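Two complexes are shown next, each including chain A; its partner changes from chain B in the first to chain C in the second.
On to the complex of A and B.
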């Protein structure tokens, strides 16, 4: 446990020193400022547009940071042989994977939290005191990024290619959001031939739409009734993440350095 | 000394052995876990709403991209912006707008400059917005209010409200609007007021509806209520056009401006 904590903290510090995160924060600031223009176009619904645009953008920037980190951290340490320095000490490979992953997710959380603070400042200045549970929407976005980052970590070690892992993860991200539509196609209208791959996909791809809590912010939303609560969302995310990290560990433990 | 070619082959072999090193039973167990989790998530969150309307040609790519990125609410927001631009502009392009401004616009009666035209796409645009976000009541209320009270097309307004109610049946504002449109069809201003009054304080109530009710208050001789509502519009609305109209109406009601 101590090893995992040390690896996570050092990983976090390394990530925070990288220019990518600084760039993403600066870019987020500029983009959130631009969202004010879009808000003006919506006249009476300015706050809603600012809220949606900001949350969506924070999520995308968090995803970009997580994908970049997940595809490069382990591979880069293998290439630069830094991994020898860690694994020649009494550190298990499972601890190494978990520590590096937690470090990455801490960095992403810090980055997203900083962007959210800036976003909330803009909303507050615009008079937003809304009923929408901002924290729940933020948590949903973070859980989505967490699940996708775990999948990407596995893919990066599996394919040994950052680009391949990034592209497949991007596809999984979009499919994960289309899961309700894929399920609808399975039950209505799709031909038998096309059902088989769709059916398989619908059970493998992470159900990211489940975490889209901001879609269900309105109290009168008809989808709000089907929510099973915070415990289920967090449980799903943790278990799904654990599955792909375990598979990544399975790959790494057999690799000879 | 191995050649570059041999080294490349070695690397490929390493990569290949890495892939096959993962025991199949591990992979199978992992995929089974994912399947189980997704089966449970299907029970928690059943299949959502289907798209009742086709995507609009001008925004199909944008909407698809936003939905695939998980930003359905933002897709609905952009749909609203497009609808506001559509309804705020002339139907026949800039020439018609200029002609309208010269022939019909009057600074003291700006309401005469709108309310005309067909805006045949207004209802469909609202339905598309509801497809993306069924809980976006403002879009439905704005479109229904415009269709019923500005464009005098209550049937189309009721169609929008029916669609909205089918997706969000618990929303009391939709039911109030249906009743108000019904009274409006029979020329019963008092009925319209009584149905719309309870929804005036809700955050999603379009300022257009507030302005309409204030106008009906004046017609019904309820001066104090009209004053209060016009003051509210002037002080709180984000729409500069409606703020200006409320200011003019207040001046008239207070006798500072001739009728």
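On to the complex of A and C.
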């Protein structure tokens, strides 16, 4: 556990100093500015547009940072031999992959939290005082980024290619929003040829609709952000993340440098 | 009889690469039998591609042997207890550019099992040892190659390991830096550390090592003691050239 914490904190420290995260904040600032413009154009739905647009871009920026980090965690360290200085110490490969992943996700969380703070300031200035569960929506966005990053980490080690891992992860993230439709196709009308790959996809691709709490922000049902619902979403995210990280560890154990 | 710091027992490493259904095998090292007693300073010499780096990676668990067995301080290279007693400087080390030497040494020291109460003092002494006390708080992205190499040596010795493995430690350094490095290695020898060094610089190995093994096409073809090359008319260089030709 100690090694995991050391790797995570150092990874977070390193990422916070990288210009990428500063650029992502600047970029997010630009898009939040754009959301202000769109909010004005939306006239009577200004706050709703600000809310949705802002949360959407925060999620996308978080995803971009996570994919970039996850594709380069191990690959860059292998190329530069930085990994030699870690793995020739009493550090298990499982500790290494988990520590680096946690450091990355801490950085992404910090980055998304900063953007959200800025977003909330804009909403507050626009008079938004709604009861909508903003925190739950933010959590949902972060959990989507988390599960996608875990899949990306595995793909990066499997393929040894940051580009391949990034592209496949982008496709998985997209398909993850259409999992209900994929499940519908499996049960209604999929051909025999396509049913097996669709079935496999329904398990491999994360169910990102589960975390799409922005759709539930307008819901009046208290179950939308109930404790039971939150526990289920977090549990699913943790389990999904754990499975892909375990597979990544399995690959790394056999990897030679 | 001294305990062995490093032992290779009939170790062979074959690299296998698959491409478009075809598998290509290439040899790394072949049937290597090599022992390094504790407290000795041993060099490894060979032409490019002779297997020096492969040997070091096998010793440290970065590669697994195709056959044979490697023991480091009497244990498997995967054993955490053994790795805690080993320091490694790879060829052309790379450090996270946004960290300072102090931060990097703190990171590596903690991973080596050093605790906070001893760490600050150990870092200060190690930076002093490698001549980087004044630069301890500068980001390593600003460092010259020689300075990075010093940080590399610092992280290898910070936790006071019993065995120090150095792969091309003076590669790319200027003559003054090479001299200072040699003096550092001499100091480590004086402390009873076991050194295993690979280098293309024969003169450096002559000055630092008690014994030198010569690799040729993955095989250890000769092991030469200090007294032998001292007695030879052309020194270690002459014996090396005679062996590899």
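As a working rule, the second predicted complex is superposed on the first by the 244 of 257 C-alpha atoms of A that agree within 3 Å, B and C clash if a C-alpha of one lies under 4 Å from a C-alpha of the other, contacts with A are read in each partner's own complex, and residues count from 1 in each chain.
Please note the rule applied: contacts are C-beta pairs under 8 Å (C-beta built on N, C-alpha and C of every residue); 3 or more make two chains touch, one makes a residue touch a chain.
Worth saying up front: this structure is predicted, and the values here are computed from it rather than measured.
Chemist: Applying the document's definition of touching, compare chain B and chain C: which contacts more of chain A?
Modeler: More residues of chain A are touched by B.
Chemist: Considering only touches as defined above, state whether A:236 meets chain B (first), chain C (second), both or neither.
Modeler: first
Chemist: Which partner chains sit in contact with A:210 here, chain B, chain C, both or neither? Use first/second/both/neither.
Modeler: first
Chemist: Does the superposition put A:13 against chain B (first), chain C (second), both, or neither?
Modeler: After superposition on chain A, A:13 lies in contact with chain C alone.
Chemist: Could you tell me if A:101 is touching chain B, chain C, both of them or neither one (first, second, both, neither)?
Modeler: neither
Chemist: Any idea which chain A residues touch chain C in the complex?
Modeler: Listed in rising order, the residues of chain A that touch chain C are 2-3, 6-7, 10, 13-14, 17-18, 80-82, 84-92, 256-257.
Chemist: Can you check the complex and tell me which residues of chain C touch chain A?
Modeler: Chain C residues touching chain A: 57, 60-64, 80-81, 83-84, 86, 88, 90, 92-96, 98-99, 103, 107-108, 110-113, 155.
Chemist: Quick check: in the complex, which residue numbers of chain A touch chain B?
Modeler: It comes out as residues 38, 41-46, 48-49, 52-53, 56, 59-60, 144, 157-160, 173-174, 176-180, 183-184, 187-188, 202-210, 212, 214-218, 220-223, 226-228, 232, 236, 239-240, 243-244, 246-247, 250-251, 254-255.
Chemist: Inside the complex, what are the residues of chain B that reach chain A?
Modeler: By the definition above, chain B touches chain A via 15, 18-19, 21-23, 26-27, 30-31, 33-35, 37-42, 44-50, 67-74, 77, 80-81, 84-85, 133-138, 167-171, 206-207, 237-239.
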